[in-house]
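Right after this note come the structures.
In what follows, chain A forms one complex with chain B and a second complex with chain C.
For the complex of A and B:
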């Protein structure tokens, strides 16, 4: 019996169990605070699906030894450009989503390549450099959003030059994944297609990780000397992983946007990397090892904490925006905690 | 009471976790003499010196037996500070100098002469001003003792290596109370003329009454300067001799000796004739492996033989296999079966059917956080597309095939593990080595290069590893190239053994050749000795 329990606990790890317990406690607290638990749960499920792929984008980067990809805004920006072009081309519905993805993937490939060139030159400090690459790209795009020659009135400010800060997708591909085949159980809605898409992406990444190239990538990340001695090209493998991560970032933001209902330009993508990093780390990944399981568990726990903790904290501490401050403290606290735990799920 | 001996070490015994490394060593150093300490790597020289310096590594592993006397008085040296107070100094092998400081500052580091100033009177010692003039004077005296006419205010960065060694010595003799100086292989990095200068300087130092313990493996230098010579072998005193009573040949023989560790010498080595097929040939191979530089090797290795590379640590034997496998920058030519091999390209070496078991097992040889089965399959998967399903452009690993192969290997090599899924990090050194070997053999190589196959593994595993190598050679005709620091091991399985000294080939011996030849070659005195004989 004891052995069985241990075998069950081991892959999850004690820290995860504590967080799961805490999440459960929050739900119970929400119930006693007379908050609409079913709404919270719906929000929770949707946010898992919409954030999952951005978290998944961390996996190749971590496994190839680059560490959590703090430069994911590079991919996010590519996804946004793809989305905007699909609107500019006047596409609607599923069409618009597919066009957006098809445009953003080659963009992200090129951007990921350039980012990979940079990362290969700064081995050992990828996390720091990546963070600032993310900041720089977002800032650079702030200028670009002002001068890019889009003409669609949905994208442009009605007066003057430049693009809007938030662009509604209501007419385009809002909830294109959330709505179809959604299953309603009582007051709870399960966004079926969103999950199907998320798990499909997880499966694709899993397939890649078990291909010859994926295994080489893992070997490079774990021991570059071993990889060299086995005839692998370290830089090339890191490049592949950076491109893959950037492309996933681009697709991730499209999924995020269709669920959210808006594109957010300018400084909105600035901090998105941190939420994704926090999620995978809370799921048990370390800066050197990550699995698909870590992605799913981590996204579930992290988004759950955010969704449930805020309203509960609001009820308990009604003064001002303390709960928002708490959210920030919790989010960065988790990143800090997780980064100090190089051992990951042990 | 003034004793005749400035330093006595009596019946020193030391073990690391039951592994005896010193088995009763006696040293008696007279005032003002040069006392030479000889021995192969691992003979116990550094352990003995660590005891003398009270290094923490000794005391954290249970201390030692025996006693140390300075000037006839028993002392308890429990820290390097204590050793310094007692006047024991050390000239390090690697230069412990601060490049950005000038010579005086380096010599007087942490022993500066100080002057008071206003601030120091209020705020204490550490704010005192340096008395530069006085320091320079002291430095000058020390440098003059060594006949160094270099300016004492020159910066250390950019000085030739030889000078740096002298500055270290100057730092030691500037310490007023110094009585015994240990020179740890001081000539290893010096050119011949620099080494001669150093030997002269050593004599001068002893003239001022300081005793020197001279650790080296260059026998001719020992004969030149030392008065008494002690040879260590496997933690035992092989002999203590007076210089007048011995010669280079005898020293060489004593140093190497015959080691019996359940390994018997190979009964008959295969006949090697020059018309045999050459499988691997090097022409002026130079490898820039830090600490194991190879400076031009010409060799021919025949098909189906077991070839050994021996020599002392740091002489370059390790660099050869690493260079051939493309792991370090290399120039020169390497031919595999008359085909020129691309250097600095591991994939090219692997594709030419070479396989390599690295001396750095945990650093290069293994993915410590992956399972045994993946470790074994990894290289073959990447190089030969083994264990891979192909679907057009896509590939997927053949988990079943990998598992099956791993199980076979585990049986074949008797890898002690909980199963093929176990992480290699959790295995013992010997079993890790077996995994490395299994990985190399999975490549089905024509030539297998193995570096330090038995380093840090127990005797049982050692024998198994060596037996496997012999078997591979006998059954599949695989050419095997072994690099090892353990001469006994090489002599037990090799057909021919090349001894590498100072990055060059000193000579090739058969396992049955005499201890004298092996000893002379390892110390780099073989060519000199034979030249003398010829004259």
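For the complex of A and C:
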């Protein structure tokens, strides 16, 4: 019996069990605070599908030895550009989403290639350089958003120059994945298509990781000297993983935006990388190892903490925004913890 | 000769680009030079201390300490306390004594914070910068927890002026007019020529001392070269400029400069120079050059690293106090956030790198970075018809310069390592 329990616990890990228990406790607390638990659960499910792909983008980068991809804003702005062009081209519905994805994928490939070239030049400091590449790209795009020649009135400010800070997708592809085939069980809604899309992406990445290229990539990440000795091209494999990660970032933001209902431009993508990194780390990944399971569990737990903790905290402490503060502490605390675990040698 | 010039340009490419950028910005902004000079002198006094607090960790090989944010928080905690006491009617907590009390309160807090930072950074050798940055974000969460929720609940405090109506949490903005605004700046405030005289005379004294030393020590002479004579020239120019401004009755002679703040900064510079000469300073350098050799030589590497971070954090706390007493307004939840990044960007623009930073680079960097800050909104407005472009541009510059120099450093060290391997 004991052995069985241990076998069950081991892949999940004690820290995960504690967080799961805490999340359960939050739900119970929400029930006793007379909060609408079904609404919370709905929000929770949507947020998992909404953020999942951005978290998934961390997997290839971690496995190829780059570490958590703090430069994911590079992919995010590519996704945003694709989305804006699809509005500019006056596409509606599923069409708009597909066009946005089709435009942003090549953009993200090019951007990811350039970013990969850079990362290959700075082995050992990818996290720090990645963070600042992300920051620089976001602030450079702030200038671009002010001067890009978009003409659609949905994108531009009605007076003056530049694009709006938030662009509503209500007429375009708002909830294009959330709404169709949604299953209603009692008061709970399951956004079927969103999950199908998310799991499909997970499956694609899983397939890639188990293909020849993916296995080579993992080998490079585990031991680059051994990989060189076996005749693998380290730089090329890292490049592939960076491109994949950037493309996933671009798709991720489109999924995020369709669920959220808005594109957020300017400084909004600045800190998105940290939330994604924190999520996968909560799921049990380290800066050198990550699996699809970590992505799903991590997104579920991290988003759950955010969604459920917010109303519960507001009931317990009605003043101020305690949950936002807790989010900051949890998010950066977990990243810090993972960094100290990775260690730096003597 | 040609190679030499090429090398100088290559080594200082970042600084040269920024000098050009600043000149272009000054021209494009069409702002009067008088205004720019005035602002710049203020901003150098305000920011230099924070930037100089970064130097010692660089010396100890820990890279750029983004964790000075934590020190800035310690400073702000002290300021909130002092302002609270001043509002209660204790006149001791205003003006210069108030500032000293905030220094006294700030110091133990920042020593504690620095010690914790050092412990964490010792666990992540080789990734100090990203760790210190994440630590800054994490500490920011705890800081918000303290000032938004614990003050008024766990920490008994009643203050209708400072606190959010409801009695829990500190307001977004704390007006330091009640307590320590201009506490240091107003001790001695003199026109610009006086500052030029003082710096010029200090420069002359320094170079005389150097020349005296050179005459005795041949090895030293080889290392330093003709630098002292350049110093004499620069100092002479500064004094001449001061005399000229005074005699010609130029409008620049009317600029009032906080001499006392500049003296504090000079004292810090001297401290930074002197600490290198001590046993501790040499330990910093040894650890910075090679941890393993330092360890073998019997230096307690972990301890030395912790001390360097503590010194940096304490200085950052004081730096934030100087910054805020000049600004006059404490933005409770925002003032510290950018402190680390802007200080790092300024230092890098001055020509420093992850592994090497000097006082001169720090001051030059502050001057260049803030020139860009002053002119870029106006330049953006004149060039593109939109002041926001200029504002985004300077944020881009701050992020970009950090990214580029981190990248260049990583790239260079990778090449060095490769060369070593191919030789060995």
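Convention: the second predicted complex is superposed on the first by the 341 of 346 C-alpha atoms of A that agree within 3 Å, B and C clash if a C-alpha of one lies under 4 Å from a C-alpha of the other, contacts with A are read in each partner's own complex, and residues count from 1 in each chain.
Note that in this section contacts are C-beta pairs under 8 Å (C-beta built on N, C-alpha and C of every residue); 3 or more make two chains touch, one makes a residue touch a chain.
What you see is a predicted model, and the numbers here were worked out from it, not measured in a lab.
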| item | value |
| --- | --- |
| Touched partner set for A:225, first chain B, second chain C, both or neither | first |
| Chain B versus chain C as contact partner of A:289, first or second or both or neither | first |
| Touched partner set for A:336, first chain B, second chain C, both or neither | second |
| Contacts of A:118 with chain B and chain C, given as first, second, both or neither | second |
| First, second, both or neither for A:211, with chain B first and chain C second | first |
| Larger contact residue set on chain A - chain B or chain C | C |
| Partner chain in contact with A:184 - chain B first, chain C second, else both or neither | neither |
| Chain B versus chain C as contact partner of A:34, first or second or both or neither | neither |
| Footprint overlap on chain A, where chain B in one structure and chain C in the other make contact | none |
| Chain C partner contacts - residues on chain A that touch it in the complex | 70, 118, 121-125, 127-129, 131-133, 135-136, 138-140, 142-143, 146-147, 161-162, 274, 317, 319-322, 325-326, 328-329, 331-333, 335-336, 339-340, 342-346 |
| Chain B-touching residues of chain A, taken from the complex the two chains share | 207, 210-213, 215-216, 218-219, 222-223, 225-226, 228-233, 289 |
| Chain A partner contacts - residues on chain C that touch it in the complex | 120, 123-127, 129-131, 133-135, 137-138, 140-142, 144-145, 148-149, 164, 166, 168-169, 291-292, 295, 384-386, 388-389, 392-393, 395-396, 399-400, 402-403, 406-407, 409-411, 413-414 |
| Residue ranges of chain B touching chain A (in the complex, touch as defined) | 325, 327, 346-347, 349-351, 356, 358, 360, 363-370, 374, 378-379, 381-383, 385, 388, 394-397 |
